[in-house]
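Note that the chains take the letters A, B and C in the order they are written out, and that residue 1 is the start of every chain.
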Amino acid sequence: MGFNRKDLLGIRDLEAAEIEYLLDLSRSFKEINERSIKKVPTLRGKTIIHLFYEPSTRTRTSFDIAAKRLSADTYSISASTSSIVKGETALDTLKNLEAMRPDVFVIRHSASGAPQMLAGRTTASVINAGDGMHEHPSQALLDMLTILDNKGRLDGLNVVIVGDIYHSRVARSNIWGLTKMGSTVVVCGPATLIPPNIDAMGVKVTNHLEQCIPDADVIMVLRLQKERQQQMLLPSVREYATLYGINGQRLKEARKDVLIMHPGPMNRGVEISPEVADGPYSVILEQVTNGVAVRMALLYLLAQR
Amino acid sequence: MGFNRKDLLGIRDLEAAEIEYLLDLSRSFKEINERSIKKVPTLRGKTIIHLFYEPSTRTRTSFDIAAKRLSADTYSISASTSSIVKGETALDTLKNLEAMRPDVFVIRHSASGAPQMLAGRTTASVINAGDGMHEHPSQALLDMLTILDNKGRLDGLNVVIVGDIYHSRVARSNIWGLTKMGSTVVVCGPATLIPPNIDAMGVKVTNHLEQCIPDADVIMVLRLQKERQQQMLLPSVREYATLYGINGQRLKEARKDVLIMHPGPMNRGVEISPEVADGPYSVILEQVTNGVAVRMALLYLLAQR
Amino acid sequence: MGFNRKDLLGIRDLEAAEIEYLLDLSRSFKEINERSIKKVPTLRGKTIIHLFYEPSTRTRTSFDIAAKRLSADTYSISASTSSIVKGETALDTLKNLEAMRPDVFVIRHSASGAPQMLAGRTTASVINAGDGMHEHPSQALLDMLTILDNKGRLDGLNVVIVGDIYHSRVARSNIWGLTKMGSTVVVCGPATLIPPNIDAMGVKVTNHLEQCIPDADVIMVLRLQKERQQQMLLPSVREYATLYGINGQRLKEARKDVLIMHPGPMNRGVEISPEVADGPYSVILEQVTNGVAVRMALLYLLAQR
């Protein structure tokens, strides 16, 4: 089985075999990034438009590097730039850009579902680069690739996701993906930051970090948005760090081969301590490296439909 | 007759034969944009600088796509970026960039005449991408190409331009071009938004939309800048929409083969209704597609002088 | 002797033979920029990241043009863009980007020493594109190349640097370079804008312009930051212009073959008069042209290590 979709909108829609195929293909692109001449002509003459309604440096740069290493031409449109500001609807912006004949739109939007809506209105391919609290599928794929590289499998693992589950599209995409691939997912965080019905997604829920650390094969640490405190969802950043911050002390209870992951950017000293971020269990920078390979695979598939 | 100028500053200067040549050449570039591999090596090693003193996404992106599909390298300098902000004159910025050996400057500026002044001070080619209330020649060329594609001719047509004629460089460039090519142009809008001496440009003037719709082969709808209301040039946006908005009801009086055009971005529900924007008479997205081809032709001619 | 360093962080560290080598190599790149097809495939498949924590148009554009004319792919990350804003440390940003496998980082930062710190933490090459009041080595190299082109030598010259020496990394890098190459450097400006111990760098100091103009082979005019007045370092911009502005009247005392240089952007009428900026002694635009060649040489050396 391959991957024969027009768009990549989320992990939820995918079958396990499709995820497997994408991860296999991604692995084959990793090597290009380690060459002295990191460029292949595969997507020469293809047009990729990054349409970002939310600011992003790392995700946009990762997609941009992926595209250019495949020799595609790229264009970045951000909501802070003009004609979007002039009050044009997202759909009109998309239709306009579509008339310039792009092959792929990479779309980030603060509204959950926006890339889906837009994908239904264009013949170009759409990659969801993060929409609201919904999905961030390329992030989940790079996370799964990183786990697979290190553990050799995705089934039967115990993956703990710690932090603000409620607002996290990274968490949601990973939950969909990891459970499909046969792992057990535990979400852990303060009750205010865990959605009430999350167990319907097939995950275990706990508010106590010490309960889930000992059995974890993987601990995914989520970024804490400090504005959650102003929204009264957190007593204080300091208390959060005490209860849910991953530090060396906490990891004494962990398995010797636990993997520590973080989608970045990190708040060092809040959700993760520097010694853990830079320590032997951390595969955080491997995630970033894998991100370029995953996005090369996605652009390769979608730009050549 | 070809096109042997260093710069494209406006439509007013051009002879009809030059316009015809540019439209012919543009048509030959359309096909590249429909290929699977949308790229030719024609302008490899050429340097195009977009120098934008006014914000723009669609025009800048259109030029950028045109340039890259011809394999040129492009650079975007916008007034919101630093060294322009540091108080350097536009001329010093231009001379500095010229010293880096660009082939073409694509310049947008809020001051009418700025690209002309700058063109006279550089050996590089200059394309006016819109200057104040003066001209926007590539827009008029793409508009004429779209009319020609749909009507088969530019002479003997009745073209109605509706809206804020006073502030519109799109209107001015189209008036110069269409009258040169043998069409009749009617401008229609509230008296406050029509320049007093516009009839000297060879156009008919009316304030009543119902008078000009029945005979129109083409209706060009201009964007209404909502700030015109604060400037006391409009009673209200709602009243404007009632008197000058193009909607399905209005078009019952129109010819069955009327073309509806809009330079974008649209205020849906103000100057144009959604049913018209997306309806069978609309060639608005064709305009955008033609824009890339027109700009490829212009860059092709000027970057290789 | 060649240039076998991983990074270019400053001129201070370099030996005279290395500077000579860099200038020789830069000269060989000048010709590419005068071709009709200004592009060579040398750095195809290399990744250059511009990481700018301070705004810059001219330096960034110069590096960008240099990189693309060598066929490298470039990416611009500026502090005004998002993920840097999200509070990530510069080191985490660097490590993240490093995980995407760039070959060279071109870094500008308002903190003196930041590029040095970062260079020590990455296996990629780092070019300091200006750090605080510390160094701006590519600027000094292009300045020295311009002097060499015009004077045929760098030793035994009398170079006067006029203006705000205190805050100028351009002055510091030139002082290190020119004194190493055998020139005499005189710094001239108001006492408040000259660092107390500057003579330890091997320069002569004066507060009187008329004392140093007659013997000058080269006068480097520095940009006056107008905010120095608010910082009480200047009585007024007008008085500064009177005492230290370089104008035609002043140059009556100068040698007939004096060179006038300025790193840009200029405050015309403050530190330099228009007649001098555009006059026969001025090599200001030659500096800009040489800047592209110098940066091509640097990228050529560092991206291929």
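Rule of thumb we're sticking to: a residue touches a chain if its C-beta (ideal position, glycine included) is under 8 Å from a C-beta of that chain, and two chains touch if they have at least 3 such contacts.
Note that the structure is a prediction, hence the values are computed from the model and not measured.
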{"item": "Pairwise touch network: line, ring, star, complete, or other", "value": "complete"}
{"item": "Chain A onto chain B, rotation angle from CA fit, given as a multiple of 5 degrees", "value": "120"}
{"item": "Interface numbering overlap (same over half, different under half) for chain A and chain C", "value": "different"}
{"item": "Mean-CA-position distance for chain C and chain A (Å)", "value": "40"}
{"item": "Junction residues of chain B - those touching two or more other chains", "value": "none"}
{"item": "Sites on chain B touched by chain C in the complex", "value": "44-47, 73, 75, 77, 81-89, 92-93, 95-101"}
{"item": "Residue numbers on chain A that touch chain C, as the complex places them", "value": "33-39, 55-58, 61-62, 64-65, 68-69, 264-268, 285-286, 288-289, 291-292"}
